[in-house]
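Chain nomenclature is as follows: A, B and C, assigned in order of appearance, with residue numbering initiated at 1 for each chain independently.
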Amino acid sequence: MPLSRALARHQTPAILIVLLAIIACVSLVGQSDALHVTLTEMFIRVVVVIGLYVFIGNSGIISFGQIGFMCIGAYAAAWATAEPTFKQIMLQGLPVFLQEAQYPFLGAMAGAMVLPAAVALLLGFAIMRLSGTAASIATFAFLIIVNSVYSNWDSVTAGVSSIIGIPTVVGPWTAYAFAAVAIVVAYLFQISRVGLMLRASRDDEVAARASAVHVLRMRLAAFVLSAALCGLGGGLYAQFLGILTVDPFYLSLSFITLAMLVVGGMFSLTGAVVGVVVVTAVVEILRALERGVGLGDTAFSLPSGSQEIGLGVVMALILIFRPSGLARGKEIRLFRAAPAAPPATVPDAGLQLSESPTSAR
Amino acid sequence: MIQFIQNLIDAVALGSIYALVALGVGLLFGILRLINFAHGDYITIGAYALIVPSADVTARLLIGDWPWPVLIPTICLIVVIAALLTDAAVFRPLRRATSPTLMIASFAVSYIIQNGVLMAYGSRPKSVDLWSGANSQVFIGDLRVPMLQLITLAVTLVLMIAVTLFLRRTSYGIQMRAAAEDFRMAQYLGVRGNVVIGIAFALSGILAGVVSLLYTTQSGSLSHVMGVPLALFAFVAVVVGGMGSLVGAVVGGFVIGIIVTMLQAYLPPDLRAFRDAFAFAFVILVLLVRPAGLVPSRSTFERV
Amino acid sequence: MTTLLEVDRISVRYGNLVALRDVSLTVAEGEVVCVIGPNGAGKSTTLAAVAGGVTPYSGDIRLAGQSILGRQPEQIARLGLSLVPEGRHVFGTLTVEENLKIGGFVQGDRSSARADLDRMFTLFPRLAERRNMPAGRLSGGEQQMLVVARAVMTRPRLLLVDEPSLGLAPRIVDQIYEMLLDLRRQANLTLLINEQSSNRILKHADRIYVLRGARIQLEGTAAELQDGEAIRSAYFGFEDGATAKAEIPA
């Protein structure tokens, strides 16, 4: 019995992983490249959005800068795996151990996690002391710093030109495997002592202030873990595309990933995963409509740009009509939980202020 | 020495642009706890309103050709309408939402506006020549000062005095300050929340409209993301200034302008490309020393 | 006497917490009605609901026969109802005069607002002396004076006052009550006051409601409740009033 009880208790990550597996199986049916690309991208985004969720969902502070960590991770993986001949010519600023060698995939992924995590530790130390809104803006400043450094540090990042010759080893199933790992990691974090306390502080700012030092450390832990996951997503992205520039890691991607988290519901792991899947579907549909569909005799197509505007509108509508997202801050479960109350369920916190007669605005 | 003063004038001119943007952002933050990402896009709207809508690379002036006394109010009016529309469509339904929700919503608004502009005008930056005479130089002793900088300074000064007078002397100004301090209490006294917020959006729009003119005259080009860096610098100015204090926002704007200009002037040439990175890193350092900003706001209990 | 305010079986919830359950009360024109009850009984919620700060999920609230349920606080204020919330919400960065002016803006009539302002300064010389001082720098008693004066500046027919004595020295509390009753005479006010203690209010109130555990436990005229025993038992929830030994906090 203990096994089934454990499974019932921790069913959320299991369900999510199975759910994604079913979607991954679509790649077995259709063999088109476009489908593989879409699926791979989607699983990589699952990793990144879970990374966002680990910080935003648990701490309640919005970060716009996690894509910066994705960028750092992507370049770390590129440095580790790109063709040594290319690195020796184009990236002469790299240390010799990177310039002359080519490291295996898993080693590169480790690097793609460690480097952003280290940066997050330093940065987080400064940012976590700020109030929520100020911290959000500071994360924005961080995104700009990363963008500015990586697009100008020619000897290490090739500046605005691209790094090429990165082995493309990531396909739908590899990306899926890492998405599953990310789900497990994020789940373990949120049911850990630190995760639970952090969530409690998110919902009760007064209590959070009462133990300020504590909260600061817990936020920092979440920030670092989040950076590692986003970095991992970046690493996967680099080894999926095989060619890397700074451009994609900026406001658009920041917006899209945040939209995914908001649409799904930023206060649950289920929300993060569901958000990626749903938004990917919406975007694909809009893209298809932009290409045009035949309706009987008349061809119908949306003007290009509809996809972005559509996504923005969807996000605004969700914020207005369903502020706690599709998942409403709850975790998916199919079976009744074992007697011991599962720690992962959180009350439907939502985004609305709890009403109080004098302070509600 | 002359060189330093020259740099200082540049710094103050740039700082006053940031201060105007920060003031617009700060007004809304004060009353609504909204950090409005779309503020930068209000500026973009004002700039694009100057030209004929088309995807051509060379922009033909439309409103931009009108005489100044008509042009300025028209652009401001367009931006004010845009600002009020965003309020009515998105922010008003979110009146009871928390600060992070509002911030994300404004991010969505910003994304929609940017892509809307992109759809209507195409993605390539356009060059416009709004007022070439503004780049002529005025000599003050040994100093050469671009005319536009003097105008920018004067306009900034006038607008700041006007905003101050509005807030101190008029009935809506007083109501707005009251609502910024305690929104619910103001409502209990009959202050119409949506009216006051609408006025704040309108003021914010006027400031954005003026900035769009100053900035377009100076840069001579348009792009659908032109407002983004301005808004970002303004947000940082608001944080540096201490969040929630308008004086702080203005001070923060000037500080950021000075930092950026001085870095541009005194960084070694091969590091100049990293100017923004240094500027923002410096800001994070300042916040490390003074997490509450330079002009800490009176309410210590900032809503998260 | 005509009924000015009718609260008709309202219930209020904050999330899962029920703050009010089927609370009804009426206030007639010219009356002084007091709601007393322990901390957390729902007194503030009752006043906030009447003023539009929270919306009940059931029941109705009528002001002079007209339902005001679900209206914005600002609309209700403009119908002639003014709330002085608990905790002296002065606008601390605004001057004393600006605070008062806020109340006057509702009137729309500048000259009468001007006259009211002068009248307040005559009534409260202490505020007049400090008219250009930021309200945040006033003492607690002065702030309480200011918020009451500010509410009266809206020319309300009905003034709701939430725990005017909270955190103030007894001497100051006496002054505040004197002032409220003065204003009542001068401005034709109807008063609905929340208090934790009954001692002071028994002298001034026409009628009293006791609220405990989100429900009205008792209502009656001041004369009926004069000996205080019934109030005590309702307040503490004892089955038998005679066993009540504890004193209601003064």
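By our rule, a residue touches a chain if its C-beta (ideal position, glycine included) is under 8 Å from a C-beta of that chain, and two chains touch if they have at least 3 such contacts.
This is a predicted model, so every value here is computed, not measured.
**Q** From the C-alpha centres, identify the chain that is farthest from chain C.
**A** Centroid comparison gives A as the farthest chain from chain C.
**Q** Counting only C-beta pairs in contact, which pair of chains has the most of them?
**A** By contact count, the leading interface is A-B.
**Q** Which chain would you call central, comparing Cα centres to the global Cα centre?
**A** B
**Q** Suppose each chain is reduced to the average of its Cα coordinates; what separation in Å results between chain B and chain C?
**A** Going by mean C-alpha positions, chain B sits 43 Å from chain C.
**Q** If you average the CA atoms of chain A and of chain C, how many Å lie between those two points?
**A** Comparing mean C-alpha positions, chain C is 51 Å from chain A.
**Q** Would you kindly tell me how far, in whole Å, the mean C-alpha position of chain B lies from that of chain A?
**A** Roughly 31 Å separates the two chain centres.
**Q** What are the residue numbers in chain C that touch two or more other chains?
**A** Within chain C, residues 53, 85, 89 contact more than one other chain.
**Q** At least two partner chains per residue is the criterion; list those residues in chain B.
**A** 184-185 - these are the residues of chain B that touch more than one other chain.
**Q** Would you please write down the residue numbers of chain A that are in contact with two or more other chains?
**A** Touching at least two other chains: 358, 360.
**Q** Would you pull the chain B residues touching chain C in the complex into a rising list?
**A** 171, 174-175, 177-178, 181-182, 184-193, 298
**Q** For chain C, which residues count as touching chain B in their complex?
**A** Listed in rising order, the residues are 51-53, 72-74, 77-78, 82-83, 85, 89, 91-94, 98-99, 101-103, 105-106, 136, 150-151, 154.
**Q** Touching residues of chain A toward chain B in the complex: what are they?
**A** For chain A paired with chain B, touching residues are 60-62, 64, 123, 126-127, 129-134, 136-138, 140-142, 144-145, 148-149, 152-153, 205, 251-252, 255, 258-259, 262, 303-306, 308-309, 311-313, 315-316, 319-320, 323, 351-353, 358-361.
**Q** Along chain B, where are the residues that touch chain A in the complex?
**A** Touch residues, chain B against chain A: 33, 35, 89-90, 93-101, 103-105, 107-109, 111-112, 115-116, 118-119, 183-185, 225, 228, 232, 235-236, 238-239, 243, 273-277, 280-281, 283-285, 287-288, 291, 293, 302-304.
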